[in-house]
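By written order: A, B and C. Residues from 1 in each chain.
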Amino acid sequence: MITSAWLFLFAIVSEQLQASDTLNVGKAERFTRIGDAVKAAFPGAVIRVLPGFYQESNIIIDKKLHLLGVGFPVIDGNQKDEIFTVVADSVRISGFHLQNCGISFVKDLAGIRVDQGAHCVIENNRLFNTFFGIYLKNARDCVIRDNYVEGLAKDEFSSGNAIHIWYSKNITVEGNTCLQHRDGIYLEFVEFSTIRNNTSEKNLRYGLHFMFSNNDDYRWNVFRNNGAGVAVMFSKNIIMEDNLFEKNWGSNSYGLLLKDITDGEIVRNRFHRNTIGIYGDGANRLRMAHNEFMQNGWALKILGSCYDNQVTANNFLDNTFDVITNATVNNNHYHGNFWSDYTGYDLDRDGVGDVPYKPVKLFSYVTSRVPQAIIILRSPFVDLVNFAEKVMPSLTPQTLEDAAPLMKIIALP
Amino acid sequence: MLKVLKYSFYDLSRSRWTYAYLLFFLLLTFGLLNFSHDLSKTIISLMNVVLILTPLIGTLFGALYYYNSKEFIDLLLALPLPRRSIFLGKYLGLSLSLSASFVIGILAPMLLFGILSTGLVLNLVILMSTGVLLTFIFTAIAFLVSIRFEHPIRGFGAAIFIWLFLAVIYDGILLLILIWFEHYPLDHFALLMTLFNPVDLSRVLIMLQLDISALMGYTGAVFRKFLGTSLGMSIAYATLLTWIIVPVFAFLWLARRKDF
Amino acid sequence: MIVRDLYKSYRKHQVLKGVSLGLDPGRITAVLGPNGSGKTTLIKCMLGMVIGQQGEISANGKNIGHDYLYRKDIGYLPQIARFPENLKVRELVSMVKDLRNQPANYEELVSRFGLGPFMQKPLRNLSGGTRQKVNILLAFMFDSRYYILDEPTAGLDPLSLQRFKEMLLNEKQKGKAVLMTTHMVHLAEEMADEVVFLLEGKVYFHGGVQELKDTYDGMNLEAAIANILSLQEHA
């Protein structure tokens, strides 16, 4: 009773505040164009855009404003320029349907651009065919939440990223859906930021892409059917937890691509049916634990440039190949994983196989040299080749083995 | 022809080999299901078994059955029946009986473990259809060889060699060629070689189910087109059917000219 | 049924070198000859089981070629009785009847040869003599125009032999044409209207029994044949 009374009171107060400082935009309102309302508004005002079709672009927001779309008003950029450009702090943009920005090869045109802003919130918008979707540059403490960004990317050269963040700090990207762009979410020189609960699908290049970005984390995201699920390049201290990497298929496709990165955590992720689950090139001091690798072409492709990675307590289930490497010496640590291809025994019944498991098969070498050979993959002749290699190793690194392979699948949360 | 088929099937249905074969698949499937409690895993294991075993059994039983039923065939030859009917009837009788053992042996446990309520029905269909096709193919090859060689030892030798060649040696040769000529574009060649071996072809069908993630990693356009679309599957099935038809026509042709 | 100038060789081995003979209604023709003279090959050619290289075989006035329907008119008794061993005698009989798709009368034959007790037994359990009786049963249970018999009396006991002869004469009187090979010369002497003597793939002699005895100076047929063979050896 008391609560509802309070709520009622609060509603009245906020209504009055709005009334005092709210500008309506609509066909029958004082403003028929959003740009005019933005120019006329005082800092701190709310601009309510009523349902309708607005053909506007290059709306520059240079003061603290709350742009609120009511019933998803459509703003059409008419294939030229960008729609919202934010050059102030504490701007909030929500509830809009933005479409058709221009495509430029010299300027990264975007549906919503934040340039030098702080404490901005971009929330609950729908963007279609906006070249770049949401673009942050030199921003900090911003939130990009619950947006739906869909593009029409056909090739990498003439397409932009759904969410693009450059030189920014403390950004939260959550609950967004990014489809059919070059990259779903792109981060370059971005620090202390969090990417979570997003879905990134059907992007030409990467679902999520880190470049020169340190101390970030991404959790509970889904990366499906992208060129590669996630690429982490030239970055440090990235935490990667509880994500799903699925069906990232193709000749250069990976669930997770690691290129020159150090000190990260890859924990409790699921890699399902990717051409390569994790591809590591120059990846060092990473911990990979409690992940599930299921039905990937190659669960792990770890090149010789990778050092001191810990691969422990993961489930490797029905992958065509578990591990492949071009190294002749093993510099990483594989221990206590479950491998569904393991055929050893456990005489002392301690749950750990008595013979080590060698996850690198000779035939996977053969296919990396002669890719066509994949056609005889399940031939008994291939078993023969693999068996011979097991008995007398010549090409595979002898020390690359799991000395404590588990007999039972690990129950993952 | 149907009468010969009927009596051959009837004859085989009383042979203990038929039941041994049925029992083998029943035990294997039950065993795998009980061991792993996982239908998907069981199907994968069975696929590997089927690729080796159905050709081998088709070959061995085909030759064994032919040489063992020489009396029956002699009896039939003196009756007013065309040779085509006699040999086609015998062939279909054996192929159907082996296929029945195989299908029942796998299907019964699968149904019992509730395969129908899972998304694995397609996998099972692929598994069983390749098994049945391979049975028909290798039984036909065995008949061809047996009709060609009067002497059972030679016939068995030739049949087993053909099996060994197609199941193992062929892949070795193919691999060597691919490695030797690795700098040449070999996509068409590799696919073509696959078409010329029914075991490889069946394996491709199975790989399309199990290893699609790895197969998609291959760059060649021809491969991608073949493996990534239903085109590959249609070609594979059509070629497997050809692999039945050609040996059947060949052994009928031989039988027509043979002295008994 | 007429065989005209038939040649057959297996690889380099020439088995038949221009054999001609004919089967006439109401006559029994005995084909005699030492082992390997081509008797069985000749019979198999007549049944279409072996395909001759040259010459012609016709039945009912038509070349047999790859035809098979003419076999409806032939009751055939193979030399070695080999049957699907899993079957019971009754099953075998009804199977052959079903496969030939012709009316068959076998009850009389069963009782004539005392096969009644064996009808429910699997073939693999039968003695050689009983198998031969089953063989006879299969050949004679259809009302055929021609009977082609390869060593029909092998393994028969004297009583069964007697009954077989009776049956054969009976069929002859019904106007059937019979061709049989045999090693039992006195059987040929007793039953045959004509004798064909095959030697190394050729018809050495073709004529009546008496004619053969006269030509080769024998008290009986056996002696005449012995004379032929020793002549051959000395030649």
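One rule holds in what follows: a contact is a pair of C-beta atoms (placed from the backbone, for glycine too) under 8 Å apart; a residue touches a chain by one contact, two chains touch by 3 or more.
In this text the structure is predicted, and so the values were computed from the model without any measurement.
Trainee: Taking mean CA positions as centres, which chain lies farthest from subunit C?
Mentor: Here the answer is chain A, farthest from subunit C.
Trainee: Using mean Cα positions, find the chain sitting nearest the overall protein centre.
Mentor: That would be chain B.
Trainee: When the centre of a chain is set as the mean of its C-alpha atoms, what distance in Å lies between subunit B and subunit C?
Mentor: Subunit B and subunit C have C-alpha centres separated by 43 Å.
Trainee: Using CA atom averages as chain centres, what separation in Å is found between subunit A and subunit C?
Mentor: About 89 Å separates the centre of subunit A from that of subunit C.
Trainee: Using the touch definition from the top, list the residues of subunit A that touch subunit B in their complex.
Mentor: Residues of subunit A touching subunit B: 247, 249-251, 253, 273-276, 295-298, 318-321, 340, 366, 369-382, 384-385.
Trainee: In their shared complex, at which residues does subunit C touch subunit B?
Mentor: Per the stated touch rule, the residues are 10, 44, 47-51, 66, 68-72, 74, 76, 78, 82-87, 95-96, 98-100.
Trainee: Would you mind writing out the residues of subunit B in touch with subunit A in their complex?
Mentor: Contact set of subunit B toward subunit A: 40-41, 44, 47-48, 51-52, 167-169, 171-172, 174-175, 178-179, 182, 186-187, 189-191, 193-194, 199-200, 203-204, 206-207, 210-220, 223-224.
Trainee: Which positions of subunit B touch subunit C when the two form their complex?
Mentor: 3-4, 7, 11, 14-15, 69-72, 74-83, 256-257, 259-260
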